[in-house]
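Listed next: structures, encoded as structure tokens.
One chain, subunit A, appears in both complexes that follow, with subunit B as partner in the first and subunit C in the second.
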Partner chain A sequence: MKKEKKHIILLTPLFTYFTFFFFAPMFVLFIYSFWLKTSTGLVPTFTLHNYLYIFSNKLYPITILRSIRIGFITAIICVIISYPVAYSLTFKYKKLQDLVLYLILISLFSSYLVRVYAWKTILGSNGIINQILKYIGVIEQPLTFLLFSPTAIIITLVFILTPFTILPIFSSLQNISVDLIEAANDLGANKFKTFYKITLPLSMPGVITGFIFSFTISTGDYVTPQLVGGTEGLMIGRIIQDQFGMTYNWPFGSALAYFMIFLLIFLINCFIWITSILKLKRKF
Partner chain B sequence: MTGTMPENKSAFVLNEICKNFGVVTAVKNFSLDVKDGEFISLLGPSGCGKTTLLRILAGFETPDSGEVLLDGKSILPLPAFKRPMNMVFQRYALFPHMTVYENIAFSQFLKKKPREETQEKVEKMLSLVQLEGFEQRKPDQLSGGQCQRIALARALINEPRVLLLDEPLGALDLKIRKQMQIELKNIQEKLKITFIYVTHDQEEALVMSDRIVLMKQGEIMQVDTPKRIYNHPNSRFAATFIGESNVLEGEVAHIHDDYLAINVDGLQFFAQRTAEVKEGDKIFLAIRLEKVNRKDKKTTRSFDNQFQGKIEDVVFFGSSVKYYIRISENVTIISEETIVEEESDRGEEKNIGDTVAIGFAKKDVNVFLE
Partner chain C sequence: MHRKKRNRFGVLDVINIIILLYLLFPLAVIILYSFNLTSSLKFPLEGFTTRWYKEVVQDKSFLDSLRYSLYVALAVSTISVTIGTLASFALTRYNFKFKNIISFSVLIPITLPAIILGISLLSFFAAIDFKRSLLTVIFGHCIFCIPFAVLVMNSRLSGFDVSVEEAAKDLGATTLQTFRYVTFPIIRPSIIGVMMLTFALSFDEFLVTFFIIGKRNTLPIVIWGMLRRGVSPTINSIATMVLFLSITLIIIANKYAKIRTLR
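The block that comes next holds the complex of A and B.
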């Protein structure tokens, strides 16, 4: 078993890192979610009080629903934009593949925070969008919903997350052998039928991955909403952050966090189930 | 098909097809008449253009010039999905996300055929390829041979006029390949569909084809039945690509009425006059290995060509044995014979170093100018 021992040794640094900086903290938080916060401090116990507290105030469910709504819309827009790009890169503009992948990489070079600030400028009353619209005469007064609103959050997150949604979709499209497309054509499928029956189902795993990626990140984001979200853009990430900040209610924060985790897992599975229903609808 | 089909009906006419990829000429002036129900093999080494030609017929490539006529009408303006031909791919190309049933039924589904009719047809196809009961399996649960048979069923269910096969047995083990060759031939004879079969395996082509189209570097070298192309290759390439030959280089010594005398390394060979030559021309001779007879005590027959030589090597092939016999300083002839009786039983073992006499007829010596 020497080979296996070598593998274990090589994986140890990674496992150690993950254990200390991921699994252990996650586990600690999970324990906290069953504790109580009192005026004297944290009381280790086992209670579902924190989870139930989520429903005690209208604020929390509303914020959760808003976060999911914003996250979902962002993810859907990301996927809808990414798919045609990934598709044309794979099947039509093959020579551009390297260039686009480099561009996606380059977008990583600038800090996330700086880009959100940039969007704050672009979307503002004196930002470039309003300036152009004013200049060509479409509007008189600047559009105010562009900034400090859920719309601003969606726009900003879409632009930040789309490059990364392109990657898994692109990868799964690449894995479709040209043989399969030709076989479909040969058997009588025109371009649309081939896409709907062969290409799309085979690329679904990539689409789902891209969706999961953009959905989870945007639902839980707490930086972008703070900068461009305004008062209507309060998302659950901010509330969780406060529990570990000013409010000092770690049990409740942990409960919120884990509630969101389970909720997202549930919703993602619903999404996957829906996509498989759509594919199998026409059984022949 | 009802009534009697006239024997020489041309289903398929290919005319002067040319295809270039940049500076590379893939296919050059390819013309062929294919009869209905014929099994035609496109045979040649890698890069000879046979796959390109097949893809042109399927609709995946457009020729630079030339015509393809089916029953007199050009099919070139038709896109691949409208053509009445189907293809069996080298690597099967089965849809991995569909079951065997869905794969086979795909073409019927596209034509919006009713459920019951499709089900019947799929079952018929599965029994044709001897895979009944496999409907619900997925491609990743099948072996190579099974995948190939499903790919065949998927193409045949459409009842195409012409079936195009692109080295379909290339990825299979030898034993299964040989079995599939017979099966494919039987299916073709049963269904009477025209098969156009691309392969680089000359044995496969000999076994299965009604006619072989031998190709080299985009051009047709010879078109003939397996028997004729084997016994009367028209070029050195044909003589060496199909089967094995002894190839010798010599000079025309004398031209007689119906045969030629050729000098090879000081020896005289006699061949039939199948090429236009003058005395003194450089010429190539090809003699099939099995046509070289080893004369032993029992051989009373005399041959047009007879030589004495020394056995340099003996190679055992199971059912046959090859003798490498040197008859002059620069000439070694290989003789292949089927083992009928163990020679050691007859007390006539031939070993390396023994002297032996060989002989072969003039008609078994093919000559070529290049």
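The block that comes next holds the complex of A and C.
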């Protein structure tokens, strides 16, 4: 009896905190998305106008699609380049493991703004790449297409989020028992077969976690497109921020935010569904 | 035979080195240019100076923002570690209804894009007419720091051998004494680790802060202002100092609690 009560006491601070500073704010935001902005101010009402308004102007669907495309490409690249690092950390680098992990953590926890800014100084027309190319005589005029493009956004986001995807993949690889891999080898499976049949499927939870993290964070990012994206790299974060800043149309901003949340949840579920189908096919 | 195969330098190592260079090169660039003699980003560098560092440490807005950031981060790490540890005890030691839903819900704030946390808190504080200040920033930061605190504490507490506590109680220790002399010393490294981790997360946070900051600016907000105004060599020196502060925090955090178990 006493024990049954204890967990409630332990969870009360968490409950209270989340109710006040997470669920209540998310609820308020949801309510705002049904209000209306008029010339006199915000009108409390119930209308789907803000949600429908997203499709009234081509700018919004195009920006949303661009954000999702950039987020998706970023997440895919993150997973692809994280996997070999996580794999080597688990199975190959026994002595180097701590050092490599430290290097990854240093990258992960160095200032986010600074890391975006670093790419601005690297890719810019006066940036390192152009300076080096000029110095060694490859080009006369600086290459201007490097900065202010969706490509620049992807390069920067992958740089920022790769450490974030390495960690969950690494931790799921660590949970794989070496006996299982050795058993597969003993039964005559070659390296690649062992990888496809054993290692990859068992590390899928980490891959999915890493993918979801990098996908949602990059799709909704604000700083990177602002600093390295230029006009071609306008993303949804900027439009949402505008509604809460200059334009002062909070209801529309809230609707955009919730539209994005629902879209992300839908896409993530599609992704999980696809990976589960692929796994099933491999089994039979 | 097996071992030889593993230690051979191969394609995988080349790929790893390229990826690590990609992850570290930009940081090296920042550090290098923070000592550059002129304000332009010329290659090769034009000389060595510590001038930008001297300018930064005399800049009042930088020093103020540093103080505010440290204040916020300290408060956030204290609150997060307290709430996170208590919740983690409940989630790892007891079985109850909705446990899975709770474990899952705790993680939602860190899977949402930060901008959504920012605007939801902004709307909330506006709706209840709560003045924006460093206090609202602290409230906002805890929302994404508590999930990390729970994650790291869970990984520690799930491997905790409860029999040592039972032994203490059998020997006549009260609940409080058991916690003070048995449980706490065992989990202390993780608590220090979580505090460093949440401190670093809060100290670096920009986007949520951006929406809920009052008149007093934290360091990332000041850095953002500088970035918007254009490339100034003082940014590089601030960045380098922040980088070394984060590295110190992370090395301490990792020494005490293995952050690698983060999932």
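Couple of notes before you dig in:
Just so we're on the same page, the second predicted complex is superposed on the first by the 269 of 284 C-alpha atoms of A that agree within 3 Å, B and C clash if a C-alpha of one lies under 4 Å from a C-alpha of the other, contacts with A are read in each partner's own complex, and residues count from 1 in each chain.
Note that a residue touches a chain if its C-beta (ideal position, glycine included) is under 8 Å from a C-beta of that chain, and two chains touch if they have at least 3 such contacts.
Please read all numbers here as calculations on a predicted model, not as lab measurements.
Of the two partner chains placed by superposition, only subunit B is touched by A:Ala189; subunit C is not.
Shared-chain residue A:Ile76: touches no atom of subunit B or subunit C. Once the two complexes are laid over each other on the shared chain, residue contacts for A:Leu180 go to subunit B alone; subunit C is not touched. When both complexes are overlaid on chain A, the residue A:Leu143 reaches neither subunit B nor subunit C. Among subunit B and subunit C, the chain that touches a larger number of residues in subunit A is C.
Contact with subunit B, but none with subunit C, is seen for A:Ile198 once the two complexes are overlaid on the shared chain.
Put simply, subunit A uses no single residue to touch subunit B in one complex and subunit C in the other. By the touch criterion given at the top, residues 3-4, 6-8, 10-11, 13-14, 17-18, 21-22, 24-26, 28-29, 32, 81, 84-85, 87-88, 91-92, 100-115, 117-122, 124, 126-128, 131-132, 135, 159, 162-163, 167-168, 170-172, 206, 209, 212-213, 216-217, 219-223, 227, 237, 240-241, 244, 250, 253-254, 257, 260-261 of subunit A touch subunit C in their complex. Of all residues in subunit A, those touching subunit B in their complex are 177, 179-180, 182-190, 193, 197-198, 201-202, 284. Across the complex, subunit B meets subunit A through its residues 58-60, 79-82, 86-87, 89, 91, 93, 95-97, 102, 105-111, 115, 118, 154-155, 158. On subunit C, the positions that touch subunit A within their shared complex are 6, 12-13, 15-16, 19-20, 22-27, 29-30, 33, 40-44, 82-84, 86-87, 89-90, 93-94, 96, 102, 105-106, 108-109, 111-117, 119-124, 127, 139-140, 142-143, 146, 150, 200, 204, 206-207, 211, 220, 223-224, 227, 231, 235, 239, 242-243, 246-247, 249-251, 254, 259-263.
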